[in-house]
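Both complexes shown next keep chain A, but they swap its partner, so chain B is in the first and chain C is in the second.
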Partner chain A sequence: MKQTSFMLVADRAIRNLGLPLIGITVFLSVWQFTSGRIDTSLGKFPGPAMVWEQAGGLLQEFRDEKIREVDFHARQEKRNAKLKIQRPDTAIQMRSYSGAPTFPQQIATSLKTVFTGFTLAAVIAIPLGIVIGLSSAVYKAINPIIQLFKPVSPLAWLPLVTIVVSSVYINVIDGMPKSYVTSAFVVMLCCLWPTVINTAVGVTSVSSDWVNVSKVLRLNFFRHIRYIIFPAAVPMIFTGLRLSLSTAWMVLIAAEMLSQNPGLGKFVWDEFQNGNSNSLGRIMVAVLTIGLIGYALDRGMLFLQQHFSWDKQALLR
Partner chain B sequence: MKTLLELTQVGIDFKTEKGIFSALKNVNIRIQEGEYVTLIGHSGCGKSTVLNIVAGLLQATSGGVVLDGREVNAPGPERAVVFQNHSLLPWLTAYQNVELAVREVFRGKKSAAQMKEWIEYNLQLVHMQHASNKLPHEISGGMKQRVGIARALAMQPQVLLMDEPFGALDALTRAHLQDSLMDIQNTLKNTVIMITHDVDEAVLLSDRIVMMTNGPSATIGEILNVNLPRPRARLALADDPQYNHLRHEVLRFLYEKNVKVEDIFSQAKKSTALASVQQANAIPRLPKVS
Partner chain C sequence: MSAVFSKRQSSPTLAILAAALCVCALLVSIQATASDMPEKWELKFGFIKLTDMVPLAVAYEKGFFEDEDLTVTLEAQANWKVLFDRVSSGELDGAHMLAPMPLGTATGALGSTPIITPFTMSYNGAAITVSNEVWAQMRPGVALDGDKPKHPVSAATLKPVLESYAKSGKNLNLGMTFPVGTHNYMLRYWLAAGGINPGLYAPEKGDSSGTVGAQAFLSVVPPPQMVPTMEAGTTAGYCVGEPWNQQAVAKGLGVPVITSEQIWAGGSDKVFGIREDFYTKYPNTTIRTVKALIRASQWLDANNNGNRPEAVKMISRPIYVGADEKVIANSMTGTFEFEKGDRRAIPEFNTFFKEVYGIPYYSDAIWWMTQMRRWGHIAAPQSDNWYMGMAKKAYRPDVYLLAAKELIAEGTMQASDFPDLAQEDFVQAPQASRLDGAVFDALKPNQFIDGFAIGLKGE
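Let's look at the complex of A and B:
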């Protein structure tokens, strides 16, 4: 008995830890092997070791920048204190530190932008999906438009959005530069559709028994939506939101590259433009970071789904 | 006892690709207040259709339903339905499922405390107070159906409609629920229309059994009065000659007079057989008013 239970545990450990480790090791060795054989204008293609080194470098830059920022504020305070003594009637000016954004700051910008676009998309897509799901007439009217815009690449939208934003959004609010608004808007346009479609499917497939319960209780329209339709569609809404978020993250990088929003996309673009021997390694760090964050976002949505959706079976499918 | 519910010349046609399909025709029945009526018939004979017309979920093409002097056109909580597949909302607990109904029906009529008391009373009637905070997927099929019954009872309906409420349950659970239902019925004395395909269930629970002919154009074949004294005990009745006679009557209707033709080669024979059955049953026997 004891023997078998031990073997079960061992078997599970091999499956859940051992196999992924083997996969990663094989991947790293293939990467190391091939990267040494690719010569570029900026030197050899970076292997795992080089990328690791560059990651350390980026972290160091962040630390140095932090120290510089602290120094800057210290100097400013000292100067202001001196000024106060020498000329008490002059207004004292506080300047904010304006160093170049570091890698973690760029990640933060990207996350902020993607969440803005994604939230806007969700706020529009869920009600729209519910309306489409409830009425086959609305579905027939809107479906051609959805099918038309769904396959459009973010890069096609970007010039239009850029022009529109720069002519409409004139009084720029602090902390919301035009490039940020443009990127968020493009993200929104591209990640609307999975949520619209999945919400609509969720609403149309609400069990007729539940609709009959609603009819027998004579729920009015809003209570029908609130107590029957919306909760019934929640599992599908989450499926849509998950797809939308991963689309949003993919679209964002491209949008940031072209709109020069100071996030990960711009980081990759800048490294590409000012190529030096470290650039390829640094871009590779960004690629892996983008992948990891995308994975984390997806896991986060899954966690939310597990927490808020009543259909626990749906997750196993 | 007064007539509470009256179906007069009820018929319904469905539009299909092959033309108009007449599912029900000339259904006439009067149900007294406090009466327990079951509808029995082969599957596909339109018993559920009759129930859905009374519930207001389907609209009769001809004839009509009058409840307490008013015509029925739309669904409403005074005709609460217990659905075959419990149809509890899976995101709400047993308590919340009943609460949703109680809040709708008694809004402005009961205080929050009174509502709470009423929900708990109804869960207690079906012996589910212990599981009131459980979600539907955490309780068994029989328990779900109990909560479904509690939800319907909590609407305090004039007529309780039950669409094969125990059809999806195993025999033992079904017997348990039938006994519970008889207990509740002894206290509440609701007017009930129940659909079943279980002969024993029909005889055990009903005051009258309405037997339906096979479709298309299904109608009421015979009506059987069940004059067994209440309360009824399942075990004692199993050996009771009157019980067995009634059972035999229902079986004879289903398997002798209204054999369900399932095969394809006797399509012509079926239609002539049906025609003669319909002619014989053109004027349904109306029950004696007791």
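Let's look at the complex of A and C:
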């Protein structure tokens, strides 16, 4: 009995830890092996070791930038003290540091942008999906439009959004520059559709028994949605949201590359433009970071889905 | 006032008193302008990853912007189009620009937001590079000086390449950075001087491809993509600033054939561009920015280019130009590599301050406009006076003058650092091109335009 339970644990450990480890090891060695054989105009394609080194370099840059920031504030205090003596009447301004964004800051900007776009999309897509799911007339009316816009690449939207944002969004709010609004809008336009479609499907496939329950109880429209339709459609809504979020993350990188929104996409583009011997390694660091964050976002959504779903037994992957 | 100073009451004491008062007022007013606080102090300037953005980096890193009480953020832009649009829309307060860009806005060839330049960021510094394959076909026709090609290399040596391309039904595609831009006009000048027609722009007919009657086809490629695009075979060569010519040599992908000072010596290449209404709204900020840039330029050329290695280190950081230090160092420290191993001294290749001071000369503006007319960006013939009028609209040495005077007044720089500013008319003496000998006289632009065999005429 004891022995079998030990075997079980060992078996599980091998499955959950051992197999992924084997996968990663094989991947790393294939990567190391092939990268050494690809000669580019920027030197050899970076292998795992070089990428690790570049990640360290990026961390070092972050630390250096922090030191520069401290120096900046020290200089500012000196200047202000001088100004106070020379011109006592001028208001002393405390200015924030204007250095270039470091890698962690770029990650933060990207996350902020993706969440803005994603939230906007969810706010529009869930109600729209419910309406479409409830009424086949609305579905027929809107479906061609959804099918038309669903496959459009973010790159096609970008010039239009850029021009519209720059002419409509005139009074720029602090902390929300035009490039940020542009990227967020492009993200929204592209990640709208999975949520709309999945929500609609979720709503249409609500069991007719439950709808009848609602009829028997004579729930009004809003209560009908709140207590019957919405909970029943939650698993599908979340499936849509998960798809939307991963689309959003992919779209964002492309949008940032072109709209100059300071984020991971711009980091990749800038490094491509730099074209120095470290550029490829640094881009690989960004690629892996993008992947890890995308993975984390997906897991996060999965967690929320499990939390909100009424059917805790359903197998989710 | 008139009652106080009426004739009857005037006396020597009063006169002296009045004079003293005047002097005091003058002193106070100088004091006031010299220390007027910037109206806007948080600024974002754009740049393209080219070595000639270096005055901005120096002004930032050396604290010259901070000395002027400005908090500046420098941001790399994807390409000239993005940069220009973002200055026009106000997302950027100012930027490193191609010298013809402000002139494009003045003459109507480029957008509708007037852009001015109070400061020239760099002189010379562009080059034309061709792929190894093209160079191999050109080289037999190139005149030699010893065993090395004699400079300047004429574009006439491209003719065998054109013929072989025509036989296989291919176009000769070349890259430049922006239509109303330095590199486009330089490349066209070189091609046309060798008898190859680069094609005309015909905006009045709605044709902005610039390929009317073309033998060689020019298209826009962002500077950092020049080398990859040529490597991919999309272009056979290009005209661009540094480090993207030396990059091609370092990677063994191409050979620079001519540098821009051979075409036009001491020509302005990049300017610092701002919207005209930025200056009217924020005059103190503008003047302070120009002061910082003048100091940066002077620092770059000081000690007989002794500060250049430090500048190279500065801009090789990924947030600025980001190319490898030794590639940037090639041109910035006064040497230029043509064929692998053919290293030549060109001390004036990247000039910032020496003999030109960063002044936005009217004559520079007019040189660029002659090329804009020649290739059709200025659609109709214009009088010589018109050219001067347009130059004065976009190039603003008057702002430069205010900044220079403040620097002298506060003792940061000496009057001897500058030319005689009181005598300056901002028009440089006529000069002949080393490439084709054409003489450019800024007061007679039409004569210059009419002298060219290929291209539109002046009148």
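Definition applied: the second predicted complex is superposed on the first by the 305 of 317 C-alpha atoms of A that agree within 3 Å, B and C clash if a C-alpha of one lies under 4 Å from a C-alpha of the other, contacts with A are read in each partner's own complex, and residues count from 1 in each chain.
Keep in mind that, in the parts below, a residue touches a chain if its C-beta (ideal position, glycine included) is under 8 Å from a C-beta of that chain, and two chains touch if they have at least 3 such contacts.
The model shown is predicted, which means the values in this text are computed figures rather than measured ones.
By the touch criterion defined above, A:Tyr227 lies against chain B but remains apart from chain C after alignment on the C-alpha atoms of chain A. Ranking chain B and chain C by residues of chain A touched puts C first.
Once the two complexes are laid over each other on the shared chain, residue contacts for A:Glu271 go to chain C alone; chain B is not touched.
In the superposition on chain A, A:Ser98 makes contact with chain C only, not with chain B.
In the superposition on chain A, contact is made by A:Asn212 with chain B only, not with chain C. When the two complexes are overlaid on their common chain A, residue A:Arg75 makes contact with chain C while staying clear of chain B.
Legend: residue contacts after superposition of the two complexes on their common chain; A:Phe33 is shown touching neither chain B nor chain C. Residues 207, 209-210, 212-213, 215-219, 223, 227-228, 231-232, 234, 310-312 of chain A are the ones that touch chain B when the two sit in their complex. Against chain A, in their complex, chain C makes its touches with residues 35, 37, 41-42, 49, 63, 66, 69, 71-78, 82, 85-86, 89, 91, 222, 224-225, 227-228, 231, 247, 251, 253, 316, 318-319, 321-324, 327.
Residues 55-57, 74-77, 79-81, 83, 85, 87, 89-91, 100-101, 104-105, 135, 137, 155 of chain B touch chain A in their complex.
Those residues of chain A lying in contact with chain C across their complex are 41, 61, 75-76, 79, 86-87, 90, 93, 95-96, 98-100, 166, 177-179, 257-258, 260, 262, 269-279, 282.
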